[in-house]
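Going by the order they are written in, the chains are A, B, C and D; count residues from 1 in each one.
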Amino acid sequence: MQHAASAAELAAVVDKIRHAGLTEHVSCGTERTIVGAVGDERRLTPDLFERMPGVERAIHVVKPYRIVSRESHPDNTVVKVRGIPIGGETIQVIAGPCSVETQAQMHASAAAVSAAGCRLMRGGAFKPRTSPYAFQGLGVTGLAYLQAAARPLQLPIVTELMDVRMLDTFLEYDVDVIQIGARNMQNFDLLKEVGRVNKPVILKRGLSATLSEWLMAAEYIAAGGNHNIIFCERGIRTFETAYRNVLDVTAIPVLKRETHLPVLVDPSHAGGKAWLVPALSLAAIAAGADGLLVETHPTPSEAWCDADQALTPEELLALMASVRAVAEAIGRRV
Amino acid sequence: MQHAASAAELAAVVDKIRHAGLTEHVSCGTERTIVGAVGDERRLTPDLFERMPGVERAIHVVKPYRIVSRESHPDNTVVKVRGIPIGGETIQVIAGPCSVETQAQMHASAAAVSAAGCRLMRGGAFKPRTSPYAFQGLGVTGLAYLQAAARPLQLPIVTELMDVRMLDTFLEYDVDVIQIGARNMQNFDLLKEVGRVNKPVILKRGLSATLSEWLMAAEYIAAGGNHNIIFCERGIRTFETAYRNVLDVTAIPVLKRETHLPVLVDPSHAGGKAWLVPALSLAAIAAGADGLLVETHPTPSEAWCDADQALTPEELLALMASVRAVAEAIGRRV
Amino acid sequence: MQHAASAAELAAVVDKIRHAGLTEHVSCGTERTIVGAVGDERRLTPDLFERMPGVERAIHVVKPYRIVSRESHPDNTVVKVRGIPIGGETIQVIAGPCSVETQAQMHASAAAVSAAGCRLMRGGAFKPRTSPYAFQGLGVTGLAYLQAAARPLQLPIVTELMDVRMLDTFLEYDVDVIQIGARNMQNFDLLKEVGRVNKPVILKRGLSATLSEWLMAAEYIAAGGNHNIIFCERGIRTFETAYRNVLDVTAIPVLKRETHLPVLVDPSHAGGKAWLVPALSLAAIAAGADGLLVETHPTPSEAWCDADQALTPEELLALMASVRAVAEAIGRRV
Amino acid sequence: MQHAASAAELAAVVDKIRHAGLTEHVSCGTERTIVGAVGDERRLTPDLFERMPGVERAIHVVKPYRIVSRESHPDNTVVKVRGIPIGGETIQVIAGPCSVETQAQMHASAAAVSAAGCRLMRGGAFKPRTSPYAFQGLGVTGLAYLQAAARPLQLPIVTELMDVRMLDTFLEYDVDVIQIGARNMQNFDLLKEVGRVNKPVILKRGLSATLSEWLMAAEYIAAGGNHNIIFCERGIRTFETAYRNVLDVTAIPVLKRETHLPVLVDPSHAGGKAWLVPALSLAAIAAGADGLLVETHPTPSEAWCDADQALTPEELLALMASVRAVAEAIGRRV
């Protein structure tokens, strides 16, 4: 309550708490009176109280997320994708091109991904592009090329879903892991839909999403019944313009503390430059990430998009060796 | 080019420019060589060059947006909604509750909106909520309540579309202005869909969207054929936590310079508190906004969501008087 | 306390509170136990508790600032500079060049400032420049030129102090208002020194300072005995790069609510472009600012620094007319 | 130039370039004309041109910093502190308490720092505190306690200088490394003064300083003749409130590319919590940092400031072991 709140204003707050089925707990200090709501306070939101006369501030004491919280599930969850564990002792590196371009490019990419020792493959068939005039992805054809390249090498595939209407197509093409991109992290209808299917979901962090919002976005998926959720940090937007985004490594240990679900990092989008990928990858693993999502291309300088952030097959191979060394230094493996 | 770029590296860049159908222009300075691409450079993206050896930086010289740019259309566009002009000399204030709750609440809201002299009404039937456990809006029933309350008072309605699958329903219920919310500003499939219909669209700025991204999002709509686009600034996310968002008034004159389309401001979501709405509203009008999108509720402390930011009918009336005074001071009217 | 905190952990927290001379208030909820510290909690800081086992979070309930808070002093403070009131009904516009260049330039500037109806003059003698190779200001000679130009026209002078060792010189040259720049907002030794003299101080907001930090910086000055403090919002740093900074108009009403001291706005540094100054100035006044700090130059395109943000004498004159109109629309005057 | 710029406007720009002693290079595209300034463009600033009619945008092509740039000095600089190399193959961990409290606390700290294998010791005698009512440090007595504890163990000392007037005292007390704190990164008078002495300087990054501003701040020191500069990343301010700051690991490889000087990381201030220090430390080393600046305290829960971020002696020992493992994984040593 405010310093000068009246007894009647206090009584109104107490009434509102009781009216919602909770019990009040009033604590009178020398400068402020604090009113606690005892019971399931998730039914209440701070804004319901902040407009009331005499109220200074209202805050939640318990966390707003349940299913995804470590409090509700203390042990780590390991999400299995065709038997490959994500979130366990083994670090997983998911690699592939930014966008699916041709069948030949995909075969070359899959060969490189597999040769480097990666166990899953990524590739974009539907591309969220800032400009309507930029290449928007091959669409369904892209899904076909991706599967045709990855299946023979036993690489489960990861690809981005942008439109609720395409979910059935993703299931038809047997996409193994559905990726929700940064721009759609709070596309709630999309979250609800992927919450209804039984497929692992990689949920990328929005460019300026707080950890709390990100956890709540995962809670949307979990509330629908799908608990196979994998977080992916991909850099946040700040004032700095010397690089595309700032990889938020602090988010990794904090997220691992708040949730039992696996946490990946995408160093390619975070830094936006291929030469930055090794340093960011190693930092992510050292900070406790469960894996990486990395862009690679047979010939990066000819890529149709994000050419400057794709690794060559040789660079990917070198990256895997460094990742292995750091993983072992912290008691994990690749 | 980098300081130490070789002649062969320079030649490769020139080749790539020519290959894309443009012409190069090479300028050799004392410390750097600059290569310009002469022709329609929108076909090229900086990342296509930044991965090339010897390249230091690649930038666009022309703007990436066309249809929405003032360069392509020097005069102001006035978007008409059932005859009501948005973007002309008259300031329009669109008011209504955060969410549609009951038919009675909507009738009371519509009466207050009309009595205050506002000419359009807003109300949320589908609500983007951070938590899956929070009230998600009445859905289609909400559209019906909104129309039933607004039509008798000749108030065109504005409401948010979140899901592409609901667009036909919006057309059936004859929604006058489709609002695209901040979280969906880069939901490109949604933008493409509303680009295909002939309805005015209010495009809210993403919480951390740059002006360039916002203009490109509008370009997505425009590229589909729908040029009835209205921008709406609603506060941006910064480091400051003393208030919900920072209303970016600087965006108003800059946007008015970059585009011919109207620009509104939502002071309710920007500040997040009813007591901040008057100051932010007047600042917006003084900075050149073409109108406001304001939340009001018959009894704010009983609102089902965002209770602390809704104006009472009396506060709305008082706001309209202040807005009128400031509008007249700068040569406009309400 | 954390969900799983033990009785011993709770007891340790209680002990620590008692040890500091305060009383505990323990409130047991269904999911969390909350411990309040009753008494002058300013003696405690959250970090003293957050390291303790079983503690989840520690927050201050009372505000950390006292002298500058409106709670301690409900009425507006009007700071008088040679009889000119800042913070009252009248809006004050302080104008002048970014930097003092020559005596002739200062005479021309002073004439323009006075002719436009401004009552105070600004000018930089010591310039905080990002580059060591850029013009650093004329120094003491600049103070002399400024006074020589302003005194004959009865314009009190405002100029920036960067170095504690120059304070005596500022007093010798009879500087009327000492400006503390954004980069020095948390130069605590400088704040302490200007807290010991009896001169009005304009305290600019740091580029990414929260309101709370800004108020605490003012509290440093006030704690030394100097209560003649004037806040100046000058734009904050965000992710947006389309303009130099984002003028935070929301800070104006929030600051006016938190403190009794006057609040100015610097539209020139906020926007960084002369053409943006009118829109930002009017927005600031409409939002409740007590005045403006504006850059002007006899011939902007020849200015030695910040040439693109200085108004011409004619533009300053036009600005004053618009400011007057908006001020009157909200019941104030110029 | 703008799309519609006239020939006269172009001529004026060319004149201005020539007038400054440089040569113009005009390149006419289909949509835009670009004018380059050939020669030492550091004499010019973009704002000198942006105010001119017809000019759309002015940018620097060469970097504004010289002495600190890798371009001017391709090999890594190793700064030696009493023979201990910073910036070479060996990772250095500088540890010690946030603030000097008592002689006994300092002896215990020094013993722990030395026992853990750290080779330098830190401790704050002058503390920059947000509140004037918080403990401001022991001052000169603190310097004496720090030296008395560190010298017998051959630990060179690192401590923060806030006030130019204390520099002589720092030299008298033979401080080995002068730290410039985040809040003083652009305290240009302080930078100039430490540029004149022959002591290594740790320059912390300002809370929202861009890399370019940081490099320019170092250039201020270097321009005075002192090239013994060590950068220290300590977290940046963003929108995220779940942790104190965001450790910007991307800055590490980018800085190593831009400058030849060593780069440290302060994981204690970045995360603000002791439990985050290990993850952030390992991430920093993995990303290429040359060392760490870590807070430790004999009994953290009794520390006078920042109690929640100090490591216990045992935690410091464990940290050193993990740092060693990761350092070796990337081919370095501790």
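Quick notes on this structure:
FYI, a contact is a pair of C-beta atoms (placed from the backbone, for glycine too) under 8 Å apart; a residue touches a chain by one contact, two chains touch by 3 or more.
Note that the structure is predicted; figures quoted are calculated from it, not measured.
When the partners of chain A are compared with those of chain B, the chains appearing in both lists are C, D.
Here B-C and B-D are compared, and the pair linked by more C-beta contacts is B-C. Chain B and chain D have Cα centroids lying 39 Å from one another.
With each centre defined as the average position of its C-alpha atoms, the distance from chain B to chain C rounds to 31 Å. Counting partner chains per residue, chain B has residues 208, 237-239, 241 touching two or more of them. If you check the complex, the residues on chain C that touch chain D are 42, 45-48, 50-52, 64, 128-134, 162-165, 183-184, 186-189, 192, 207-208, 213, 216, 219-220, 223, 237, 273-274, 300-301, 305-310. On chain D, the positions that touch chain A within their shared complex are 208, 210-212, 235-236, 238-243, 245-254, 270-271, 275-276, 279-280, 282-288, 322, 325-326, 328-330.
Contact residues on chain B toward chain D in their complex (touch as defined above): 3, 25, 27-32, 34, 36, 38-40, 61-62, 71, 208, 237-239, 241.
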